[in-house]
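What follows is chain A paired twice: with chain B in the first complex and chain C in the second.
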Partner chain A sequence: MRLINQHLSPPAATALKFAPFALLILAYLLGSASRLAENPNDKLLPAFSSIAAAVDLMAFTPDRRTGDYLLWTDTWSSLKRLGAGLGISTALALVIGIGIGILPFFRALLVPFVSFVSMVPPLALLPILFISLGLGETSKIALIVIGVAPIMIRDLAQTVLALPREQIVKAETLSASSWLIAIRIVLPQAMPRLLSSLRLQLGPAFLFLIAAEAISADSGLGYRIFLVRRYLSMDVIFPYVAWITFLAASADFAIDRLHRKLFPWSELEGGR
Partner chain B sequence: MTITRRLTLTTLAALGVLSFAPAAWAQEKTDFKVAWSIYVGWMPWGYASDTGIVDKWADKYGISIEVTQFNDYVESINQYTAGGYDAVTLTNMDGLSIPAAGGVDTTAVIVGDFSDGNDAVFIKGEGSLADITGRDVNLVEFSVSHYLLARALDSVGLSERDVSVINTADPDMVGAFQTPDVTAMVTWNPMVSEIVALPDATKVFDSAQIPGEIIDLMVASTDVLADNPKFGQALAGIWYETMALMTLDTPEGAAARGAMGAASGTDQAGFEAQMAATKLFADPAEAVAFTSSADLGATMDLVRAFLFDKGLLTPGATSEDAIGIELPDGTVLGDTANVKFRFDNTFMQMAADGSL
Partner chain C sequence: MTALSVKNIWKEYGQQVVLENVSLEIAPRSFVALVGPSGCGKSTLLRLLLGQEKVTRGTILLDGTALPDEPGPDRGVVYQKYSVFPHLTVLSNVMLGPEMQAGRIWGRSFGAARRALADTARAMIAEVGLAGSEDKYPAQLSGGMQQRLALAQALMMQPRVLLLDEPFGALDPGIRSDIHRLMLRLWNELPMTVVMVTHDLREAFTLGTRVVALGRTRTLPEDVMRYGAAITKDIDIWPPRKAGASTIFQTEYALGWDDLTPHGAATGRPDQRTET
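Right after this comes the complex of A and B.
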């Protein structure tokens, strides 16, 4: 039998699903135990018990100095930045993307510019952003917008341009105005793609968020990781990484659900 | 299938253990690795490595020493703490909060210098230190800058509650100072000399007001040193030969200072200005006297109190005595059963006696 035709029994499939995770945990436990045997204060691969203690300290014990629960204030600060950045990017993508897609004037004006901007490596702009926009929230949100908006705009414009020309012509013969075509023909077909595009940009948005927070901040998930890195607190870094992964995965799942609920028909088109 | 899986599992587990296996420290060996990072008091290591002084002393003791420059100071310490290097350059405070708190028994082999103006507190506009009240202060949190701020605030009866600290990466300090929302900053050289030159910057406190508290060291793993005293001797030999050369008032000395200046992104004049804000112990006898004085114990007491207050002295520490600090005369500050940070005069004394 060819390997590509191999069918797994459900229990085998389940076992395989968990195998990589189990292996990872096992390798960690072995490595951690061997390092801790050598040096009980080792910080590189802390025991699960010290990770649990760190989680308790960060998430469920008020900070000695400020009285805040650090994990939650960090999460809230980061999510605000992320939400603002992605919100602005999505709005820009919607307006400019559809504009480029249907209006020749916009297309001539913006396509070369947007393509150019989308090629600028955003992290290389970071020092310039910090000088020109200051070290506050603006520059962090701006970094996320510069990083994800151009890609989302290009993606959406591409989707609009790929709509069948016949649909537009048909609407014109029914005497629809440009505005009506944009609202009734283009927008409903662009929205599902906008959500998918947003979903794909979650990863890059987190990357830019953490990079910005590493440079200057007084709270945030990336801030905390880069702060405790200073004294090698892996017992804090590991849970934070897991938490960020969880947040990103939840957002991804939520957008996917929203997509299916709002645009059930788009699934039929192979998830365009 | 099962065989393959078992094999994969074993291989992966083995890989996991191997890649994180602790370096075998406690034994006699001949190859040593030293990490250093760019700072006025540590530039001699790079220069010594480039000009063959390192190899000369290593050959004398029949060992080899690989000197690696790190662009990131914290990363160099983390590499040492993780076991990748035998020795590293760091400050007395970071030595206590990173390797010692991480359970790596660490000994200060060479007390190279202390900051005598290299670290400074700035405010924007006219005023004095008391005007910092209520401002955001940009600094590298938990670094010596943070310590300097705590000492500065203490000197005028303020505390950290009177300001808000904003963590800012050190390469961005000079640029950040020129943005409108930054009104106060603590940083170190070479950034200090650039910020002083900005029109609206006022220096309100610097490390010259707390002399001898921010000390730059070359530290090594205590176990490695115990098994390989040659390594400590070679380090001291390298250091004091380079010191003698770079403090010469001759064309050779000027060339050495110029080379170190160029390597740290400035020139001979810029480097000499930074040296002026650094109390360099070019004479080993002077370093021995400094390390043996009672002031060192008092300084380490302040440092450990600061670290404990910030929660940096191991997570479960219930008092500042959690980690023992051994001074050259054998007295121990803190827990005698958990001595992880030691000041040792042996190698500097050998250099002073000319017996290397």
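Right after this comes the complex of A and C.
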């Protein structure tokens, strides 16, 4: 039988799903055990027990100096930046993307400019942002917006331009004004794509967030990782990385669920 | 009095001439079928009547006044595809036009007005034979049902002119004859003029009161785009059909009396093979 026709039984599929994760953990345990057997003070691959102790210290013990629970303060300040950056980007994508998609004036004005801006490497702008906007929250949020918004705008404008011309004309014969076409025809059909686009931009948004925090911050997940790097505290870095991954994956999952719930017709149309 | 008056219009795209000096007087309440070979400008003429495109030369009058430069609620349209909105249910699709006409800010109506509109919309949905599907999305409907929905949606605006661009071209023969019957009934009952583009001669003679054929009358082999299409045939159907009045045949339309099987075979319809 051809490989492409060999379907798995459900238990086998489940086992395969977990296999890579189990393999990763096993490899870590073996590596960690062998290194610790050679040198009990090894910091590179700490044992699970010392990782658990570090998690307890970061998440469930108040900091001796400030009295904060560091993991939660870090998470909160990072998520605030991320939320603000992605929120502003989404709003910009919605307004400018739909504007470009339906108004010839906007298209002529903004398409070349947005294409140009989306080619600027955002990390190269980071020094400029820090110098001009200061080291506070604004520059970090601005970096996320500059990194994410142009791509979302282009994506949404493409989606709107791909709507059949017949639909727009039909709406005109149903007495719609430009504004009504935007909010009743184009916006609802652009929203599913906007959510997908937001999902895809979660990864880059985290990248820009951590880059900005690594350089200058006083709290945040990226800040903490780069702070404890100086002491080779892998027992803190590993759980932080796992936590960031978990946050990103949950956001991804939540947006996907929201998509299915809000736009049932989009699934019927083949996930447009 | 003329519903639509097309006077000496030309349509050119750059060097390419599509329509060449076309004139057409369309009486109110008539059902004009535009036929012709592919690429001869039938759909272009329809888009001009719709206001989606502008004529290069000439004028089009609607009830004696010049046609506006853009599509509007006085001219409804049904295309072969993409005529309904995939993100709205059947009921919302049908309610959309009046809702947008009433609420210029949100494009929605509320309360008693909305309930009254929903009742009208349900009646229209039942009229086109879609009762029971009010809460479905277009993707859950078959092709024929989607076209019925598109008709209902357009008719809610009570257009003076209904323009159809090969609306039934993608449907199976059985479903097509059902929807033909529906189309004839709607045309009989509602005060509108219909212009339909079709490549199916049988359909043209089944539905129309008048069949207008477009085609290139002269060609230049070394420059095919040099000359555009003009009207080559203009046939009034006999016995004349009158909207709202029965013909001498007491049926909606008698199956077979206008059977143009050879024409059907000539257009290559696989459902109409003839033994010759």
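The working rule: the second predicted complex is superposed on the first by the 272 of 272 C-alpha atoms of A that agree within 3 Å, B and C clash if a C-alpha of one lies under 4 Å from a C-alpha of the other, contacts with A are read in each partner's own complex, and residues count from 1 in each chain.
In this section, a residue touches a chain if its C-beta (ideal position, glycine included) is under 8 Å from a C-beta of that chain, and two chains touch if they have at least 3 such contacts.
These figures come from a predicted structure and were not determined experimentally.
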item: Fit or clash - chain C, chain B, common chain A; value: fit
item: First, second, both or neither for A:Gly134, with chain B first and chain C second; value: first
item: Chain B versus chain C as contact partner of A:Leu180, first or second or both or neither; value: second
item: Which of chain B and chain C A:Leu30 touches, first, second, both or neither; value: first
item: Partner chain(s) touched by A:Asp68 [first = chain B, second = chain C, both, neither]; value: neither
item: First (chain B), second (chain C), both or neither touched by A:Asp56; value: neither
item: Contacts of A:Tyr223 with chain B and chain C, given as first, second, both or neither; value: first
item: Chain B versus chain C, judged by how many residues of chain A each one touches; value: B
item: Superposition-derived minimum Cα distance between chain C and chain B (Å); value: 44
item: Chain A-touching residues of chain B, taken from the complex the two chains share; value: 5, 8-9, 12-13, 15-17, 19-22, 74, 78, 81-82, 97-98, 101-104, 138, 141-143, 160-161, 164-169, 172, 175-176, 178-182, 311-312, 314-316, 340
item: Parts of chain A lying in touch with chain B, wherever the complex brings them together; value: 19, 23, 26-28, 30-32, 34-35, 38-45, 50, 53-54, 57, 64-65, 127, 130-131, 134-136, 214-218, 223, 226-227, 229-233, 235
item: Complex interface listing, chain A residues touching chain C; value: 164, 166-167, 169-177, 180, 183-185, 188-189, 263-266, 268-269, 272
item: In the complex, chain C residues that touch chain A; value: 50, 52, 70-73, 75-77, 79, 81-88, 96-97, 100-101, 104, 106-107, 137, 139-140, 153-154, 157, 159
